[in-house]
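Questions regarding the structure given below will be posed in turn.
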Amino acid sequence: MALILDLLVQGAQMAVVLLLAPLLTGFVRKIKARLQRRRGASVLQPYRDLARLLRKEAVVAENASWLFRAAPYLMVAATWVAAALVPTFATGLIFSWSADLIAIIALLGSARFFLALAGMDVGTSFGGIGASREMMIASLAEPAMLLIVFTLALTAGSTQLATIAELFTRPEVGLRVSLGLALVALVMVAIAENGRIPIDNPATHLELTMVHEAMVLEYSGRHLAMIELAASLKLLLYVSLIGALFVPWGLALPGTGGGAYAVGLATYLAKLAVGGFLLAVFETSIAKMRVFRVPEFLGAALMLGLLGTLLLFVSRSL
Amino acid sequence: MNGLGFDAVAAVLLIPLASAALLVLLPGYRLTARLNVLASLLTLLAALSLLVVERPAAGPYLLVDDLNIVFIVLNTFVGFTTSAFSASYIGHELETGRLTPTYLRFYHAMYQVMMFGMNLALVANNIGLMWVAVELATLTTVLMVGIYRTHEALEAAWKYFILGSVGIALALFGTILVYMAARPVVGEGMDAMVWTVLLERAAGFDPALVNVAFVFLLLGYGTKVGLAPLHAWLPDAHAEGPTPISAVLSGLLLNVALYAVLRFKLLLAANPGGIATGPLMVTMGLASVLLAAVMLYRRRDIKRLFAYSSIEHMGIIVFAFGMGGPLANFAGLLHMVMHSLTKSAIFFAVGHVAQVKGTQRMSEIGGLTETHPWLGWSLVLGVVAIAGLPPMGIFMSEFLLVSSTFAREPVLTVILVAGLLLAFGALLMRLNGLAFGEPKGATAPVHASYVPMFAHLALVLAAGLFLPGPVVAWFQNVAALLG
Amino acid sequence: MGDLTFDVAHMLAGGLVLLSFVMLYQDRLYALLNVYALHAVVLAASVAWQAFAQDAPHLYVTAAIALAFKAVVIPTSLHRIIRRLGIHREIETVGGVGPTMLAGMGLVALSLAVMLRITPEAEPLAREDLAFALSVVLLGLLMMVTRRNAVSQVVGFMSLENGLVLAAAGARGMPLVVEISVAFSILIAFIVIGIFLFRIRERFDTVDLHALDRFRGERR
Amino acid sequence: MTVVVSLACVAVLLATAVVGVAAGRHSAGRPLVYGLGLVATVVAFGSAVAALVASPATAPELVLPIGLPWLGAHFRIDALSAFFLAVVNLGAAFACLYGLGYGRHEEAPHRVLPFLPAFLAGMNLVVMAADAFGFLLSWEFMSLASWALVLAHHRDPENAHAGYVYLVMASFGTLALLLTLGLLAGPDGGYAFSAMRQVGLGGGREAGMATLVLVLALIGAGSKAGLVPLHVWLPLAHPAAPSHVSALMSGVMTKVAIYGFVRIVFDLLGPSPWWSGMVVLAIGGASAVLGVLYALMQTDLKRLLAYSTIENVGIVFVALGLALAFRSNGMELAAALAFTAALLHVLNHSLFKSLLFFGAGAVLSATHERNVERLGGLIHRMPATSALFLVGCVAISALPPLNGFVSEWLAFQAVLQSPELPQWGLRIMVPAVGGMLALAAALAGACFVRAFGIAFLGRPRSAAAETAHEVDRLSIAAMAGLGLLCLLAGILPGTLIDTLAPVAELVVGGRMPAQQAVDWLTIVPIAESRSSYNGLLVFLFIAASASLAVLAIHRLASRALRRAPAWDCGFPVPTPNTQYTAGSFAQPIRRVFASMAFRARERVEMPPPGDPRPARLTVEMHDPVWDWLYAPVASAVGWIADRMNRLQFLTIRRYLGMVFLSLVGLLMVIALWP
């Protein structure tokens, strides 16, 4: 019985992330449009786009290989699995122990790996640009992310998201410098990973500046839909990761009744809304930076992560 | 009964002498070459018989004991293989007209005289006699180095002669001093020059006199060992003489001189007031190793290259004996045997290479493993062995030497290791050019006598993997003897 | 007899050292050869005196050998060689005569310092003789080092061997081995040198070693 | 028992070498040699695995009457040896299988066939030897055989140079090890490992000596494993050899070097000071990052792989350093975790590095091209090879669910144990090194995206790449086998960890919790609440959701597919030159890292307007290690050699002068002697 319930919760989690992802994207777009005093498309526009793309035929370049066609599905799968393991409205999911935070990051890494390869598959200059820039960004973002993980894990004594989240709900953790640093670093990494302004602009096709769009330039139809879906899943993942780690309140603990789950869902939606809003505000209030200033941005994140880890010992010794 | 043993000793001495007299008279190189091989073989058999028969009691002139029998057997064996090699080598020289039949007659006779001298030096129980013998061997080799009568050959022989005879003089002075030291204790007359007597009475000698004597003997015989800075004659003598002589020089003469030095080291060790001979020998050994290692880098002449490597290895051996102790002495003995075998094998190969390519300049030799696989690979094998790589015997001796001395004298050992590495780098650089890469020079087929070469290499290989028990025991008590 | 024996022996040995200095000082080949002959004569005398002092008759033989070969045969033949090669010009010493003499002094001092460490119970005669012999040896070597000319180098070598003979003679009761070996070595040395000088002349028109040095093994 | 079997296999291998000498030029030589080698190595692998699983408490010691006379040759297979024996023979077996097919393209078989079995025998012997002499003998024999293999194509001057540098560095390392073992054995020669171990356990070694041993062992084993700064020979020598030999050298021989280090420092030396871990950590981290940076800058496929070997060796040494640090503080559990991570990475790297080198070899034999700038589009012409190469790339980039990730994950878990360490230095240093590890992993990802993307994807950049075709079945079989093993090791790590437990117990005196206990094949380093990973589930999830997505799409959405020219933002150019090159791909990373690491400088020559000449971009990079360490030494030796060489050209008089001076000097010594 309990097992079935757990499975249900897990299934619900997977469904939730899948369903909410485009909504978050649409929400952010809407807010941005509003902030720029535009009316903007409906919040549901991303769903419509996906549906349209799915209906269209896929146009594939002549010399594209099987990798080109397989990559979107692999990306979606990896990102989805990763997103399914992040506590959104409830912790202690039945499969949460199958991969800890490090593994989740690595899963996103494999998604990126295949995306970059797909970008290079057709053999156009833009694909190459995108892939090379993406890997450069990743080569700085991933270590930064891992140092953040170190900070959290050394604080909580675990890399298990559920454990960390549960621990951080307790009061005795309190405020810590290193956690603050970790939060800032995590936000920076999240922005970079999702290719948001100021790192990349998901809305532009200006070749000098684009990274993500350059890689997926050759995609169309259902493949493009998959990629879009994966992108919004990733965004959702990061927002809910930040939510689960730094504002873990309201998460339904395992074994608590349906009411708790309802509360968890509600708080989760609220977190998403706030996160999306803040993201939109940030994006509208800042300008896109040149690609070769990106390393400095991420280097800062890296330093913050390291600093957080080292300060941890100080605060521990206190 | 030891009459038989004495006969064996006599044979070791008389066979070369008689055959030398015979070879002077006989014309025609084929016959003389064959006789030469035969005589050397007989000498070898006589020497081997020394192993089995009961040894003669030490007389006033002759002595066979554990120490020198190692040298005698080695000496006669390499002498035999070299004579076999020279038979084919000299034939080629005659065809190319570098040697004339008249000189050839003289060559074979001299070869036997030289063998006689060296054997005499080894079995002598008398410091005077030993001195005479060493000088005899030296002077004959001087003549043979100059045999080609080219400018370079004469110049090398002249250099060898001058330095050698200065060495002669110093050694003689040392010998006299030893007698002077012994006389008050032992009493006048022949006894004061007999090894066995000297050794047991050495404790009473006048230390100051013995010390001065050892200095002169170390320099005198050290000149023949080729220790730096007395080495100058060695590279040119090796490079300009006929290759069999180079092989004999590296393989035997250096050992004989070393043997003399060891004897006197024993004498000094037996004297309480004597200076510590270890530091002197270690210093000269290290100096030789480093100098040779550095000199190897700029060599152009293939035979001179390996001559310098001989200096290096003599340095290693002297270092080992200077360090002393059972393991180091064992390593020194083993290294000496392995070096004579390997180095003469290398010279056999080099001789044929030089004949095929018609030059000794390494810049004009290349890709041997392509053009002459047998020669090339045996050269590779030889250099691998001489560079102290397994599974050859020199690896074992270097292993023992370095590993046993490092804990005692870290600094010295590190210097030695640095020298080894330097020399290795130089040798390997040359080997790369000689054996590999695009073939250079003449590619005519070679009619070489591979048997001696392979015999030596096989022995070295076997020794690297498995030393038979008796040999080990024998080496061990010689090592103990050396203290 | 002690004193007189001692003094004469001492005087002769000292004379040898003195003559070695004179040889160092000489810079003409002929003069050099003459001094060398004198050197040999004095040697012969001192050996003979030793023979008398130790009443060891076999030493007379040595003395005779020394007289015959070193004082007569060698100088004359070297004269001939010099004449044949026409090199009776001055020999340039390496460092000037002055420094060479100073070095010689130093060497004598060194040999005394070394030899006088010997405990006196080895009777003084031998001790002093050894000291002188050693200095003669060292001076001969010095001469070989400081002369550029083959003949003078040979002469230096010979004087060195004179020192050896002196030492050998001083060694009381040293068996015949030594004299034979000495004579033998001188003989061989002389013959081979003769051969070589001959060959060298055959090849080059001088025995100045610079000519030889052209033929270094590895010319660039 | 195992010892006997393994020695028998070694004997067979040596015999095979003789066969190789005999049948080197004969057409039957290849199948004969590789076949025999395959059989022998498979048998040896089996016996090694059996020994590892059984792992008797006391491994018997076999003494043969060869080697050092009074000592004999000792052979012993304990758990550690058994594990490395398994690694060696696994790689060797696949190399032989690959060679059966690949050897067909070998133009100088008589220079490969004799030495390959000897090389394998040497590696086996190193792992089995239980006395200093046997160990060093087989160690150097291994170097020698591989040197001959590096010189297989000796006519290429580059290879000759590579062989030279390789052997000199190898014997440098051997001399260092010789000193190490001499130190451990002591002046009176206790050369048997058992004797050294006794001294170590007895605590008979003072700190200074332990330091010396550690440093020398690090130099000796590190120079063979390719640790920075002793790595210079590796990227020269590994690519020079035939590809299956490169695979052996990179995938297996470096592991033998690691074995040497573990054997000496963990086993023979006994307890080591706490900071010894720091040294190893620092060097390991540096090698990891620098190695992969070097790799990112390469355009030669095999050289790239060789450099990435340096990175992976660095990762292993980081884990070993952690194990040392934990062990010296008596934290057996954490030490076991770190050590297991090291062992797993050893195994994993041997798997995927061999796979990648085989792939490179396949490309080489299909296109005769090692320069990725002249490859491209091979995924269409060599589908199997490219798919398998892709597997290797994913594995080496430490991406789940393949095996590379597992070992790195364990290493990270070990890093997270650092707070329990008492020493501040370690506490601060370990997370920093962990960051370097993460950096290395991310850069590796970039490196292999570049390698695969440029070589196999896109459009062909040369005629050779255009006309390439798939390689023979045996080669593919070898690669497929390795790929499968990579996957299995990735999704079933628990069983591996349990198999390695005895090794950890032997070496660091502790073991990770048994993993069969955990349900669903999850691995749990410490406790489930702290961290856990389940490769199998992750793999299944990805497969399930991917197929779910495909299914849904194909049911709901349109299946229509149209082939069209690439759009390329509206202005496609037909020539393949417009593609991104390897150099341009690496440019951003080069600007970020290499400018400091390699003093990389870019220079653009822009012709004036109207000048038809093309603009040129030239990049120059310096290897700091070479510039600051090796070049000075080499020039110093040359300088001294030139100066000393005058001694060869002195006049006889001067030589006499030397004799004279040494005589006077010695006499003075006598005169001044007390």
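Just so it is clear, A, B, C and D label the chains in written order, and each chain counts residues from 1 on its own.
Here is the rule we go by: a contact is a pair of C-beta atoms (placed from the backbone, for glycine too) under 8 Å apart; a residue touches a chain by one contact, two chains touch by 3 or more.
This one's a predicted model, so the numbers in the text were calculated from it and none came from an experiment.
Chemist: Quick one: which chains contact chain B and chain D both?
Modeler: The common neighbours are C.
Chemist: Tell me which of B-C and C-D has more C-beta pairs in contact.
Modeler: B-C
Chemist: How big is the gap, in whole Å, between where the Cα atoms of chain A centre and where those of chain B centre?
Modeler: Whole-Å distance between the two chain centres: 79.
Chemist: Could you work out how far the Cα centre of chain B sits from that of chain C, in whole Å?
Modeler: 31
Chemist: List the centre-to-centre spacing of chain C and chain D in whole Å, with centres computed as mean CA coordinates.
Modeler: That gives a centre separation of 69 Å.
Chemist: Rounded to a whole Å, what is the gap between the Cα centroids of chain A and chain D?
Modeler: Centre-to-centre distance between chain A and chain D: 35 Å.
Chemist: Two or more other chains in contact with one residue: find those residues in chain C.
Modeler: 114, 117, 141, 144, 153, 212-213, 216-218
Chemist: Of all the residues in chain A, which ones touch at least 2 other chains?
Modeler: none
Chemist: Could you list which residues of chain D touch at least two other chains?
Modeler: 648, 652, 656, 659, 663, 667, 670
Chemist: Using the touch rule from the top of the page, what pairs of chains touch, sorted by label?
Modeler: A-D, B-C, B-D, C-D
Chemist: Report the residues of chain C in contact with chain D in the complex, numbered from low to high.
Modeler: Residues 94, 107, 110-111, 113-114, 117, 138, 141-142, 144-145, 147-148, 153, 209-210, 212-213, 216-218.
Chemist: Any idea which chain A residues touch chain D in the complex?
Modeler: It comes out as residues 54-63, 65-67, 73-74, 76-78, 80-81, 84, 95, 97-100, 102-103, 106-107, 109-110, 112-113, 116-117, 120-129, 131-133, 135-136, 138-143, 145-147, 150, 153-154, 157-160, 163, 205, 207, 217-218, 221-222, 225-226, 291-292, 295, 302, 305-306, 309-310, 313, 316.
Chemist: Touching chain B in the complex: which residues of chain D?
Modeler: Residue list for chain D touching chain B: 65-70, 132-133, 136-138, 140-141, 144, 151, 154-155, 157, 160, 163-164, 167-168, 171-172, 175, 178-179, 181-183, 185-189, 191, 637-638, 640-642, 644-645, 647-648, 650, 652, 655-656, 658-659, 661-663, 666-667, 669-670, 673.
Chemist: In the complex, go through chain C and note every residue touching chain B.
Modeler: 114-115, 117-119, 121-122, 126, 130, 133-134, 137, 141, 144, 153, 157, 160-161, 163-164, 167-168, 171-175, 177-178, 181-182, 184-185, 188-189, 192-193, 196, 199-200, 203, 212-218
Chemist: Could you pull out which chain D residues touch chain C in their complex?
Modeler: Touch residues, chain D against chain C: 648-649, 651-653, 656-657, 659-660, 663-664, 667-668, 670-671.
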